[in-house]
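So, here come the structures, one by one.
One chain, subunit A, links the two complexes that follow: it is found with subunit B in the first and with subunit C in the second.
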Partner chain A sequence: MKSPVSRRNHRRFSDLACGIVGAVAASLTLVVLGCIVWDLLRLGLPHLSWLFLTGEVADGGRSGGIGPVLVSTVMIVVIALAVAIPPGVGCALWLSEFVRPGTVPARAITGGVDLLASVPSIVFGLFGMAFFAQVLGLGFSILSGGLTLACMILPLLVRTTLTALQSLPVDLRPSAAALGLTQTTTIRKILLPAALPGILVGVTIGVARSLSETAALIFTSGYATRWPDSPGDSGRALSVHIYDLAMNIPNGAAAASASALVLLLMILVINSFASFLAERWLRRYHS
Partner chain B sequence: MLALLSGSVVLLIVWFLVAGALPALRDGYLPRLLFDEHWQPGSARDPQFALMPMLAASVLVTALAALLAAPLGIAGAVFHRFYLPKRLAVWNQRMLELLAGVPSIVFGFWGLTVLVPLINRLHPPGQSLLAAGIVLALMILPTIALTSQSALRSVPESQLLAAAGLGMGRFATVFHIALPSARSGIGSGVLLAIARAVGETMAVVMVCGNIAKFPGSVFDPVRPVTATIALEMGYASSSHKALLYLAGLILVLVTGALTGWLAFGKRNAGEVS
Partner chain C sequence: MTSVSSCSSNTSCTCGGLSLSDVSVHYGNFAAIREVSLTIPDCQITALVGPSGCGKSSLLHAMNRLTDLIPGCRVEGSVRDGVGRELTDPSLDVMSLRRRIGMVFQKPNPFPHSIRRNFEIPLREHGVSRSDLPDLMEKSLRDVGLWEEVSSRLDESAMKLSGGQQQRLCIARALALDPEVILFDEPCSALDPLASAVVEEHIAALRGRVTVVIVTHNLAQARRLADHVGVFWMRAGAGTIVEEGPAEVVFASPSDADARYYLSGVRG
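Up next, the complex of A and B:
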């Protein structure tokens, strides 16, 4: 039989222990993040300069810059967005405005989209190489890479747009109908503009996902480090550049770190923009 | 029409994988995948197709990552919810979201330049099952922590107040009230993280050592399925290529099953409440 005092001490001890373990776990996560950023800064910052951002790739990437790589990356992302946004938004509109949720077609499409979201990126690469590069004959090109990425970010766009549409006030639709607006007008003039910030959040996250992607791009957009003339050219994305420098180029670590810093900074800015948008959007409709 | 397009992209992908893998299935490679001793699919004289070490590597790497990341992530989330002052908690969450956005290639690069030399000093060669497990654990840690946080946040306030009213300490509240109540949310977060870990390629390929053999210890190099696809996709031909498609198909089936399980669990949970 424990005395009440020892039981209280025991409880105090276990509360404290629980807190300490949690604190260690939580801070370990942040320490690791700090380590990664610190190591990248230590290795990469001396290498970083304006010339590095704009210069041509030289000596396999060890010297020179990443100018053409950045241009290729932007082209790949723009193609991916341009291709994925129309079907993504269209699919979400259909799911939210035209079918009853829970019916067989709605569930089949939602299931297909969710399954697509679960496909590993390397499989997108395998598919992209077989379909876009070989069957459609686009070869290793920026276009192939962009189309592959479009498939990858499509489910993300569908999901975010759907959430944006569904979180609009329900009475928008009957009000518009009561004013005698057709469904097309309602969608074009009321629902889409109102859901635009939410859709933009999805697009922004899509940009971040595209920039982070490597596995799907190595064998679709290729390795070339020239300045790309057209979407038909091969061009390496920034993430592929980091991979190549780290794995295949001896003494490429400094340039790889500098490129990783650039990539990290881009992702940071884009993600901050997305959460800024999302917060404003939430305040508008849920306060 | 657009919806149909979006929904059917996945069918197109699966169809491509099946069509690509078909020669391997038809030519009776299946027993060889299980019983061959080596992986030398390109060899003209003695092609061998031992896929099992790679499947085992995928499972081991993922399991190691989950074992490392789940306790840390959940403990961190408990701390975040029950101990951390609100203002710090907001920052903790921001940092985790930041960490969740770090591209896998950056994790892989960091693992290669910092972690692998460290492990090498401990026990050569450094590129190993352990390195891959740690890098993957770091990658999925924010996912687990963030989903656990939101699961713990959705524990009804009334239950916590009732626990406090009964004079329960924080330790008891956490272990007997909050965690059991948030179990399904935390579980689906871990499952989501596992699905991500199985499919992860770049971070793993850079640190795992890429030797297609069963590992004897955590310090041995391994080569998961995803790494194999990434390394050999560029030059594979004929039956070798079919095998890579088969490997891709296996990956899709596994991650698809995990996702399906998640969705199914969610729907059942929705019907109960």
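Up next, the complex of A and C:
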């Protein structure tokens, strides 16, 4: 049998070892992020300029800028959000406020939403090409790409909005009813504003996923690098541009890195803005 | 909306009582309360006491039809207001009923918005004009002694208030709608003793102005507050009222054996 002293030492050592393993694992994730950012900065930063951000694509992307690509990207994301947010929030409201959990319709819808969320984006791309581009005749266009992305981020918006609504205090509903408020007023003036930070998080993740999506867009919004005139035009998204520069264009690595840096910055800005808004909202309305 | 009707004495008050006869509440096949009859006198404080699980809250919820919100809940019997209208009538406008019969819950539940917005939402819903809002809000907050404490921060979140302040805000919010009856479902049980005493004081101050029905586990509180008392007990697997009458009579000489033991502290 071990002496009490050696047992105590053994325990101290195992606590220390656990701490060290945890610290190493935690710093590893930072190292990965650091490597990516360092690589992008090293290759991309010399290429980055105002002209790069606003200029037209030239020489397959090796020179010139990414102006039209940025415009197309923003148009695609705006269409995706505008199309996906109303049904996403509506579906979550229906699930949270109008059907009893565990009933057949509720389970059918949540099951469908979860299944949709697990569909690989390349499948969305193929569906978008077949349905929006060909059946609806929208062709390779920003609209086709935006609609395809809308389908892809819809389950995400439903899930995050549903979680936000379900995490509100349950007694908000009876207390609103006891004041003679209709369900419409309760949803519009109490539940939705209170759930807004959660919904905003969902929208932010949706934007980030849309910005970084390649597979769903290659077959739908197309490759065109000219300035888009309308949502009916074909337009190349930033992630598609990076993919093309990295895979198909010899000596495109520098421009690809610079574009990736821009993408990373955009996501960073959007994330910070959303968390700033959510925090402000939380501070104002919740304790 | 009419102006707040305040009564100076019980005799001149017309806020309206309630009369319940043979009220049963079922959740699916389970009977929570069976055949309860009770008279809730006009403008007085009626306390419902008894052990947990006897259906006191269920009865309270049946009075302003919050039972409608619970899936599988069925209410039988008759609930009539002061002028004899049947409140269980399915065709009744439930929203205006709940404006007339307000409720304050066990846990304070202000909306997670500003203090002002907590009044604005229900008052606007019931047709109060924007210009009347500030006065009504101030008056209701003064009625619960909260005006001095919050008048400088009406646009701050109601969630920043202490538990007792939140509960008084909920009472003020219910009062702002000028109800005839306010139902209190154990309004002090989630509060510390000091906050509880303040809330209780303001409930007592409602006597003569609105009809109050309060469910409480605190017998001492019931003794302090009540003009009229109903004692709940289990009979044949469901809650029912075994003793009802003026507080002084019920507390001094209850006729039912269970009620006698419960009120004297021997049981329950």
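As a working rule, the second predicted complex is superposed on the first by the 241 of 287 C-alpha atoms of A that agree within 3 Å, B and C clash if a C-alpha of one lies under 4 Å from a C-alpha of the other, contacts with A are read in each partner's own complex, and residues count from 1 in each chain.
Here, a residue touches a chain if its C-beta (ideal position, glycine included) is under 8 Å from a C-beta of that chain, and two chains touch if they have at least 3 such contacts.
These figures come from a predicted structure and were not determined experimentally.
When the two complexes are overlaid on their common chain A, residue A:Tyr243 makes contact with subunit B while staying clear of subunit C.
Contacts of A:Phe273 after superposition: neither subunit B nor subunit C is touched. Contact with subunit B, but none with subunit C, is seen for A:Val113 once the two complexes are overlaid on the shared chain.
In the superposition on chain A, A:Trp227 contacts neither subunit B nor subunit C. In the superposition on chain A, contact of A:Ala194 is made with subunit C only, not with subunit B. Number of subunit A residues touched is higher for B, counting subunit B against subunit C. When both complexes are overlaid on chain A, the residue A:Pro174 reaches subunit C alone and has no touch with subunit B. Looking at subunit A, you'll find no residue that touches subunit B in one structure and subunit C in the other.
Interface residues of subunit A facing subunit C in the complex, by the touch rule stated above, are 100, 168-169, 171-182, 185, 189-190, 193-194, 284-287.
Subunit A contributes residues 11-12, 14-15, 17-19, 21-26, 28-30, 32-33, 35-36, 39-40, 43, 86-88, 90-91, 94-95, 108-127, 129-131, 151, 154-155, 158, 208, 211-215, 218-219, 239, 242-243, 246-247, 253, 256-257, 260, 263-264, 267-268, 271, 275 to its touches with subunit B in the complex. On the subunit B side of its complex with subunit A, the touching residues are 1-13, 16-17, 20, 71-73, 75-76, 78-80, 82-84, 92, 95-99, 101-110, 112-114, 138, 141-142, 145, 169-172, 174, 195, 198-202, 206, 226, 229-230, 233-234, 244-245, 248, 251-252, 255-256, 258-260, 263. Against subunit A, the residues of subunit C that register as touching in their complex are 64, 66, 69, 71, 94-99, 102-103, 105, 107, 109, 111-114, 121-122, 125-126, 157, 159-160, 170, 173-174, 177.
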